[in-house]
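Shared between the two complexes below is chain A, which pairs with chain B and chain C, respectively.
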Partner chain A sequence: MVEVGISNVIKKYGAVDAIKGISASIKDGEFVVLVGPSGCGKSTLLRMIAGLEEISGGTISIGSKVVNDMPPKQRNIAMVFQNYALYPHMTVAQNMGFALRLARANKAEMDKRVREVAEILGLTEYLDRFPRALSGGQRQRVAMGRAIVRDPAVFLFDEPLSNLDAKLRTEMRTEIKALHLRLKATMIYVTHDQIEAMTMADRIIVMHDGLVEQIGTPLELYDEPVNKFVAGFLGSPPMNFLPARISGGKLLTDAGSDSVCIAEMPDQEDRDGLDVGIRPDKFEIADDGIPMRVNVVEPTGAEIQVVGDVDGRNMVVVFRDRLVFNHGDIARVRPVQNGFYLFDAKTGDRLPVA
Partner chain B sequence: MRKFIGRFGKALAVGLISVWSLFPIAYVVLNAFKQHRDIFVFPPDVIFTPTFDNFISIAEVYPQFFGYMLNSLLISVSATLVCVVASALAGYVYSRFRGKALAASAFYLVAIRLLPPLVITIPLFPWVNILGLADTYWVLIALYAAFWLPLNVLIMKEFIDQIPRSLDESAIIDGASEWQLLRHIILPLSAQGMVACAVFVFVFSWNEYVYAFIFTIQNAKTTPLVLAEIMDSVTGTNYGVLFAAATIQLIPVVLLVLVLQRQLVAGLTAGAVKG
Partner chain C sequence: MTFMLAGPAVYVLWLSFTVSNFGQNPQFVGWQNYAAILTDRYFWTAAWNTFIVVNAVVYIELLLAVLVALVVASLKTGRMLMFAVVLVPYGISEVVGVLSWRFLADPSIGLITNTLALIGIDFNWTLNPEAALVLITTISIWHHLPFSFVIIYAAIISVPNELYEAARVDGATKWQEFWLITAPIIVPAALLAIIFRYVFAFRMFSEVWLVTQGGPIRLTEVLGTYLYRTGFRYSDFGGAAATGWLMVLGSLLLAAIYLRAIYRSAFRDA
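Moving on to the complex of A and B:
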């Protein structure tokens, strides 16, 4: 069993706290994605698991062993780097076999293993090439092959797809996921791309500012975000936020000089300082809805995205119906039943709606 | 018209530089194949029947010449090896590690080159004698290697700085020890730098005169000293022999540069990372 345990982990660079106390446990065979905006500490955390960064506090364990002071090579991990980090003076086969060569593996066995993995990744015909003669996608595969060859307990991925173009990225996403199903190994994957996180992860750890915001399955996080940050980070296009208040059993938002009723909330006490969050696809047209000025209309075929603003606050609304809007129109929209979230505007915490 | 002037100017510049640097070499090499009496004829004959007399005379008049060439070769090769290995290792340390002591030592490394070499050499003289190193290979090997060390360390640091850190990290995760990282990744990828450093030390050691003059008498004497002796000859300088000896002295350096030129292949690091 190779769980990865992260307990109260802290990382300080001088006076700066890059990671301010993170705990998470990753199950055997699980695909966990660390996601967050740049500078949130996700790569640092991954590098601490790899043993490339020292741990300033707390413990990290792999399997049953605490690895805080263990050098990387004893941790039984493999890592795929953002820039691939292939050895330029070695062929694909040599790159993939390097770890085995260092471990003084039998030559025949090593060749066999490299061939097997090359087969899986479709690299067989490139084994004698040098990295400079490969395309970006092929280099990426070699980097993964190098990790797979070693049959590690834990795979670590540090933004492995961010150097690829959009089409290739989508393909590789599927490939990595398929690889996970095949190898059934524990994988920890860092990305700033929430789509990668949503599509690939068994569970997502959302990080922000050196702290964990929320841990859960993609749909848990999407449906039940614990705060405004998670709600706004996951989902594309992102959730819309409008300032709101509850008054006389109604949820109101101000648009120009008007107060627009978003929903009836008869059981709630009056209160100010709220943010209402509505996902772009949770709107319907309503004559007494929020007046949104239409700026841009982007049809994608399956749906139309309407980008506009309410009092200068950007809004994106997605309709599956082929409605016609023109630049400058005022579209009146309101959230569908139970289609909105409430947050405390100060703390960002989510508040119960019912 | 402007284009023509530009091209003409370029060709002229290249021509001038070539003449400037090739003239002395051509002068020495051509005259090595002339009879003594033809050497200082004015205007010089460009077309003449070459003769090997001068080369044969070296063997007759200065039979030790080839022995001293061997000295030069042993000393230059050893100094080159010592200096390149030390520079590569030190360059790695300066490239990958940080610290106050390192920063300070880097400063002294450069500062010591600001002094005229003789200022450092003269005080060495008594020490070399006390240690019994005078007129040995060791003293010249140490001096030549040390003379180029500071600059070569900086060159190697620059080369190793170009190797992405993620390669180090990747190798470490692949299970490489520090030594294996050096041997399998850093050194092969900084080979170009090592070749450049080697050329500097070798050419310097091969041609160096002052240190050799001060610290050797007989056993460790090198070719430049012999060339000087041929020139100072009491019986009058035999220029033909001098030029022939100088021509032979040129050969190893030219060979070295020709051989290593092939290894100065650019773009070895292309394809390591994105791009």
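Moving on to the complex of A and C:
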């Protein structure tokens, strides 16, 4: 059983705290995605798990062993790098077999293992090529092959798809997921792309500014974000936010000189300083809704994306009906029943709606 | 441009088939100059010395360049300062450099000679041709190390850090990182440095002329000084020109061998 335990981990670079105390436990065989905007510390955390960065505080354990002071090679991990990090002077086969060669594996066994893995990844015919003679997608596969050959307890992926084009990225996403089902190994995957996180993860760890914002399954995070950051980070197009207040049992937002009622909230006390969050697909047309000026209309076939603004605040609304909008129209929209979230505008924390 | 390069070369080629000196017009003599040189035992001494010194210079210098480049590249702070310090010899005039070494190695009062004498080594290069060649080799390495260093250093720092990280995760020791990652990747750069240094060292002159003038009894002569002595001491321009062409052929042969090696290491592919 190989769990990965992260407990109060801190990373300091001089006076700068890159990671400010993170705890998480990753279960055996789980596919966990670390996601967050650039500079949030996700890659640093991954590199600390790999043993490529020192740990300034707290502990990281792999299996039952605390690995803080263990060099990478003793941690039983394999890592796939963003730029693949293939050895340019070695063939595909030599790249994939490098770890086994260092471990002084039997030559015949090594060849057999490399061939097996090349078969899985469809690399058999490229085994004698050098990396420079491969396409980006093939290099990516070799990098994964190099990790798989070692049969590690934990796979670490550092933004492995960010150098691929969109189509290949979608394909590789599925392939990595299939690989996970096949190998049943623990995998930790870093990305800044929330779609990768949503589609691949068993559980997502959302990071921001060196801290964990929320940990949960993709749908938990999507449906029940604990704060404005998580709500705004996951989902595409992202959630819309408008300043709001509760007054006389109504949730109100200001549009121009008018106050527009977003929803009836008869049981709530009056309060200011709220943000209302509404996902783009949770709107309906209503005569007394929020007046949104239409700027751009983007039909995708299945749906229509309407990009507009309310008092200069950008809004994106997605309709599945084929409604007709023109540039400059005022569209009156409001959230569907229970289709919105409330946040404290100062702290960003989510507030109960009912 | 072509004329500027080829003109003198062709003239010297013609000169090498003639006999001439000051006050005498060149007379065509065919291969006579070449025959004379190739049967001159001083030529063979000079060729042998050149062979020994050049190989010693090229390979010791390459080894030092790799070591120094590895050390400088591994520094966390002061990298640029060390880089500048290593480059200093290249900024010193050849004559000044050689004369300084000559002073340091002066048989009676030199710092180096006296230090070596303390540990029981008699380093009198004015009497001992081997010692003189060691001194000449040392000076040449000292003076040109920055050249090899810059080439090797550039190659070393161009190796992406991710490769070392991947190797560490794959289980490589520091030693294996060097031999299995760094060394193979810098081979083309090292071959390039070797070619240039072979060609430079092959025409070595001032180190020898300013230290021993080829003596004692022409035992430390190299091809460069042999040529100079033939041409300007014995006024045998034809012989000097022929020596020059033999040196060019030697350089070309060496360069061809190493260029082929570079070509193979850089372009081998499946």
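Note that in this section the second predicted complex is superposed on the first by the 354 of 354 C-alpha atoms of A that agree within 3 Å, B and C clash if a C-alpha of one lies under 4 Å from a C-alpha of the other, contacts with A are read in each partner's own complex, and residues count from 1 in each chain.
Assume contacts are C-beta pairs under 8 Å (C-beta built on N, C-alpha and C of every residue); 3 or more make two chains touch, one makes a residue touch a chain.
As the structure is a computational prediction, the values presented were derived from the model and not from experiment.
Chemist: Here chain A is shared; do chain B and chain C fit on it together or clash?
Modeler: Here the two partners, once superposed via chain A, clash with each other.
Chemist: For A:P72, is the partner it touches chain B (first), chain C (second), both, or none of the two (neither)?
Modeler: Both partners, chain B and chain C.
Chemist: With both complexes overlaid on chain A, does A:R139 touch chain B (first), chain C (second), both or neither?
Modeler: Only chain B; A:R139 stays clear of chain C.
Chemist: Please indicate which partner A:T91 is in contact with in the superposed arrangement: first for chain B, second for chain C, both, or neither.
Modeler: Touch status of A:T91: second partner only.
Chemist: Contacts for A:K346 in the overlay, against chain B (first) and chain C (second): which applies, first, second, both or neither?
Modeler: neither
Chemist: With both complexes overlaid on chain A, does A:A99 touch chain B (first), chain C (second), both or neither?
Modeler: So A:A99 meets both chain B and chain C here.
Chemist: Applying the touch criterion given at the start, work out whether A:D128 contacts chain B, chain C, both or neither, answering first, second, both or neither.
Modeler: After superposition on chain A, A:D128 lies in contact with chain C alone.
Chemist: Looking at A:N163 after the superposition, I want to know if it touches chain B, chain C, both of them or none. Which is it: first, second, both, neither?
Modeler: first
Chemist: Once the structures are superposed on A, label A:F81 by its partner contacts, choosing first (chain B), second (chain C), both or neither.
Modeler: Touch status of A:F81: both partners.
Chemist: Residue overlap on chain A between the chain B contact set and the chain C contact set?
Modeler: Common to the two interfaces on chain A: residues 50-52, 71-73, 77-79, 81-83, 85, 87-89, 98-99, 102-103, 130, 132-133, 146, 150.
Chemist: Touching residues of chain B toward chain A in the complex: what are they?
Modeler: Its residues touching chain A are 164, 166-167, 169-176, 180, 184-185, 188-189, 267-274.
Chemist: What part of chain A is in contact with chain C in the complex they form?
Modeler: Against chain C, chain A makes touches at 50-52, 71-73, 77-79, 81-83, 85, 87-89, 91, 98-99, 102-103, 128-130, 132-133, 146, 150.
Chemist: Write out the stretch or stretches of chain C touching chain A in their complex.
Modeler: For this pair, the touching residues of chain C are 160, 162-163, 165-172, 176, 180-181, 184-185, 269-270.
Chemist: Could you pull out which chain A residues touch chain B in their complex?
Modeler: These residues of chain A touch chain B: 50-52, 71-73, 77-79, 81-89, 98-99, 102-103, 130-134, 136, 139, 146, 150, 163.
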